[in-house]
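Since the structure comes first, as structure tokens, the remarks are kept for the end.
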Amino acid sequence: MAFFTNLLEESVIVKIGFVGIGQMGVGMVGNLLKAGHEVTVFNRSAEKIRPLVEAGAKAAARVAEACHGAAVFTMLADDAALESLALGEDGIVRHLGAGALHISCSTISVALSERLAAAHEGAGQAYVAAPVFGRPPAAAAAQLFVVAAGKPAAVAAAMPLFEAIGQKTFVVSDQPQLANLVKLSGNFLIGAMLESLGEAMALAEKGGVERRTWLEVMTSSIFNVPVYKIYGGLIAERKFEPAGFAAHLGLKDIRLALAAAEALRVPMPLGSMVRDRFLSLLANGGDALDWAAIGQLPAKDAGLG
Amino acid sequence: MAFFTNLLEESVIVKIGFVGIGQMGVGMVGNLLKAGHEVTVFNRSAEKIRPLVEAGAKAAARVAEACHGAAVFTMLADDAALESLALGEDGIVRHLGAGALHISCSTISVALSERLAAAHEGAGQAYVAAPVFGRPPAAAAAQLFVVAAGKPAAVAAAMPLFEAIGQKTFVVSDQPQLANLVKLSGNFLIGAMLESLGEAMALAEKGGVERRTWLEVMTSSIFNVPVYKIYGGLIAERKFEPAGFAAHLGLKDIRLALAAAEALRVPMPLGSMVRDRFLSLLANGGDALDWAAIGQLPAKDAGLG
Amino acid sequence: MAFFTNLLEESVIVKIGFVGIGQMGVGMVGNLLKAGHEVTVFNRSAEKIRPLVEAGAKAAARVAEACHGAAVFTMLADDAALESLALGEDGIVRHLGAGALHISCSTISVALSERLAAAHEGAGQAYVAAPVFGRPPAAAAAQLFVVAAGKPAAVAAAMPLFEAIGQKTFVVSDQPQLANLVKLSGNFLIGAMLESLGEAMALAEKGGVERRTWLEVMTSSIFNVPVYKIYGGLIAERKFEPAGFAAHLGLKDIRLALAAAEALRVPMPLGSMVRDRFLSLLANGGDALDWAAIGQLPAKDAGLG
Amino acid sequence: MAFFTNLLEESVIVKIGFVGIGQMGVGMVGNLLKAGHEVTVFNRSAEKIRPLVEAGAKAAARVAEACHGAAVFTMLADDAALESLALGEDGIVRHLGAGALHISCSTISVALSERLAAAHEGAGQAYVAAPVFGRPPAAAAAQLFVVAAGKPAAVAAAMPLFEAIGQKTFVVSDQPQLANLVKLSGNFLIGAMLESLGEAMALAEKGGVERRTWLEVMTSSIFNVPVYKIYGGLIAERKFEPAGFAAHLGLKDIRLALAAAEALRVPMPLGSMVRDRFLSLLANGGDALDWAAIGQLPAKDAGLG
């Protein structure tokens, strides 16, 4: 595939597209621009792309216009959005050039990732699944963790782009959908952590230990890592607004993890518990809250506020 | 309390006792000796104390002989052992001097800690609960985390001793039993982590991602902290022998956490799930395994060996 | 709607179709024939309908031929089968006469039932959801319980047919899909019972009480009802083959219940637990077993065979 | 043992004692009196025994006075009460005659039952564990189900007394404590049923099916048995006061079942779930409610009132 060779050899300026400019996408595009790439951006609601245009990006009026380069990124909210923009009649598969590359960063289902891989293969295009770990500030700071999977040549071609957006890239398989599986398993791990923090803090608090004191002990000793500090802090402070990652998206991700698990016949009782917490949160008015808010539910069950 | 003043003022050599020389105690006493303290050690099976005697400790034939100093540490396996040695007819409460200090490092129930506090108070003695986080290598390296609670003067008096055995001391309350509650909540947090790692690895593995690869991604990115690396490694390698911390002790700790929670009326469904995993492990021959072995059960449920 | 009037007035002989001749359908059609109705039957694999033809039914080569009467029953294994035969190009909605009635007895999703209702409404046809409780022997003996929902006139028209196949009909709503919701909730109730019986029997057995003795006590006293006796007996006897209702169908039903619950934002932790049991059973080779076999899993977790 | 022979041969009038006159005991004593027995009753608060004295019972001022006959029943609220009255210094074991029989009907722990059996054996007395299923109206109507275990001669001697208080007696083992295990497993089964009814009703209700309608369908079809009708009715009506069996007693029983299960290493995840529901209920002000009130918690989690 001549394209990939060129991409690697030149490596200086690559024309790429980027579809989906939300809290994450805006930072990622910013870093791609800083790395010297020509980026054409598309978003359903056009006003979000204005600051990026000011920073040097080109605005696309249709998805097709973002598909003329060597690669196109997608970073969308869910399966439905990506399916429509990638597999729809006027979508990416139809417009991307032969040999060009679709880098799919959204947190989507394993099943859709498999279908995308097949569709691109059928169209003579390349496909890499590359979901990321990190919240919007990490995206803005080019500090994401990229979990990539796909055919080796395609992954190699994408590597310089990953270096522009993240601090580290993990190549986990040559089957693209397994990157999505790893991403979903990681979000499950965070959801499980939220439940464990919520239960432990309810116990400590009702026993008479102040929540912040308890968290300080844990995160200065055995759990001395930002993910515990940040989420534990949100739970201890009961600070769930504004949402960095909304509860309904948390439910979506755990649902996708459980769907993959069901297809593989892997029971995940803790996964089920986390899912049920999200349902309870959303059933009681938590739509606008950060997903960390499930960590408050054990306290409610314990009769604490 | 004159003793505490003296203890703090002199601060050079303090005569202390240490009851319970297991994998943890041996390291802790070693570090107390290195710090210049005179340590009289007692253990039920006497041969374990020989290396400490060679290192300068005095051997006690009875608990009483370990109670003649300014303070006595206890580091025992469970409630029954501590209750017998502290509250029994020939025990610590009977023999400890007025104003002297009992530093209780064992992972015991909140209820027993409360009873000990009352007994020492009644005898004109001081009592600090000071359970520790860390496995035997951390004890040997004076790298424990000490979670202390008790009356401020008693905690202050114990502080130089904590500095000899640990890297950091957290004072969480003036009610001693709350240190035990924090310790138990921390062990619950580890148990919950084991379950989450086990489920996620079963999902990844059955999907086609090698366990070690998966763990490398997680612990090089969002969960970059030793507790995930070490325990995750044990699960990924299926290396549960020899046990660093045996499964039956894990069950004991989660039972104590749930007992405290029940007394406080705090439902902990994830705690219950972890407890049930330990029962399943022990019912199927896992007595000799490290408690991390519960992390293998989700794989078995998923039909993976 | 003239049809319904006629149906009720004549009430003697009604021409109907029946699509889906499995273990349940064969008994239901037999009873419709006995009640004097003219029944045209369709099944994908034609050999299953031979005994019914001998009993007086007409064989349809295509679904369309089963759609020429006043009503057509469907009794199929899952959503996919019904969707294809009802909504497919050559399906029931296309061929059923104006004013004629589709009586949908399959255990399907709430969502598909809603879509069917809308499709029939759009085609000027009537639709009643009428899932049933009862296993094949009850179907053969006209002892089913029918849970019906739909517009009152349509339900009224179907009533004589329900009387031919069941011992009792419950009309739960004028929204057809709510009959499906009730049916799914009932199957969840049975699944929950299986789990409770399995756990209690594991406890009793490991304690030293023989399983059959234990079951005799329970089902001769507070749980004196066939559903506990029959399923409890299967668990006590470890008799899971041949399957009266296969485990993968049990998983399907609990999945549909949980899907409806998720759409409504109703957490069902016990439903999740039952679902995870089915996954564990199927992951460990239980595809061919009766769904009661999840009741053996607690014994395995307890180290009993 | 001459006593048992006599008891069986005469069978007409037996002098017995009865310790513990609560909602259950009052009905049981009434029926023993009706059967012609001489009953001496003891209760901590004496005013409760007045109606029984009017009906022919003798009042005992001390436990000892209830121990002079051929047998003494106990029907007490929990382990602590029975332990004190049976094993205490002035208790039943001390005062019961050689060869006389203690019939223990309380719902107590397996462990206490074992200790009582040993104590009576050591004192040359007989002991039968005979917990009962049934609520106060069943006790009044002599419609209890008696679950009995003990040495065959002792059980045989007690049989005429069981006939006076119940509709059916099940002899499950010659080890007394196994009757307690069966009783606890049965209460677990009811607790599990409450959870399943609560979840299913929350699903049905939020979907649009009225709770009473839903319950009518279930309990007129597959779950046509009083225990589902009565408890389901309490949940459907949200009628949890006055308590027929208080929530804190429900927690006690499930705790005892789980304690027996833990000793036997039997994981009971549904048992754990039910226990956590009781904790949640009690943490949120449900002390005075009937234990059926845990069946309302799924609706609250679903955002229904």
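All chains are identified by letter, namely A, B, C and D, in their written order; residue positions are counted from 1 within each chain.
Methods note: a residue touches a chain if its C-beta (ideal position, glycine included) is under 8 Å from a C-beta of that chain, and two chains touch if they have at least 3 such contacts.
This is a predicted model, so every value here is computed, not measured.
Note: the chain lying farthest from chain A is D, by mean C-alpha position. One inter-chain figure worth recording: chain A and chain C are separated by 41 Å, centre to centre, where each centre is the mean of the chain's CA atoms. Averaged C-alpha coordinates give centres for chain B and chain C that are 55 Å from one another. In chain A, the residues touching two or more other chains are 261, 265-269, 273, 276, 279-280, 283, 301-303.
A complete topology is adopted by the chain contact network, contact being made between every pair of chains. Residues 110, 133, 145, 147, 168, 170, 172-173, 175, 178, 181-182, 185-186, 188-190, 192-193, 195-197, 199-200, 202-204, 206-209, 213-214, 216-218, 220-228, 257, 260-261, 264-271, 273, 298, 301-303 of chain C touch chain D in their complex.
Taken together, the chain A residues at the contact with chain D in this complex read 269, 276, 279-280, 283-285, 301-303. On chain D, the positions that touch chain B within their shared complex are 255, 261-262, 265-269, 272-273, 275-277, 279-280, 282-283.
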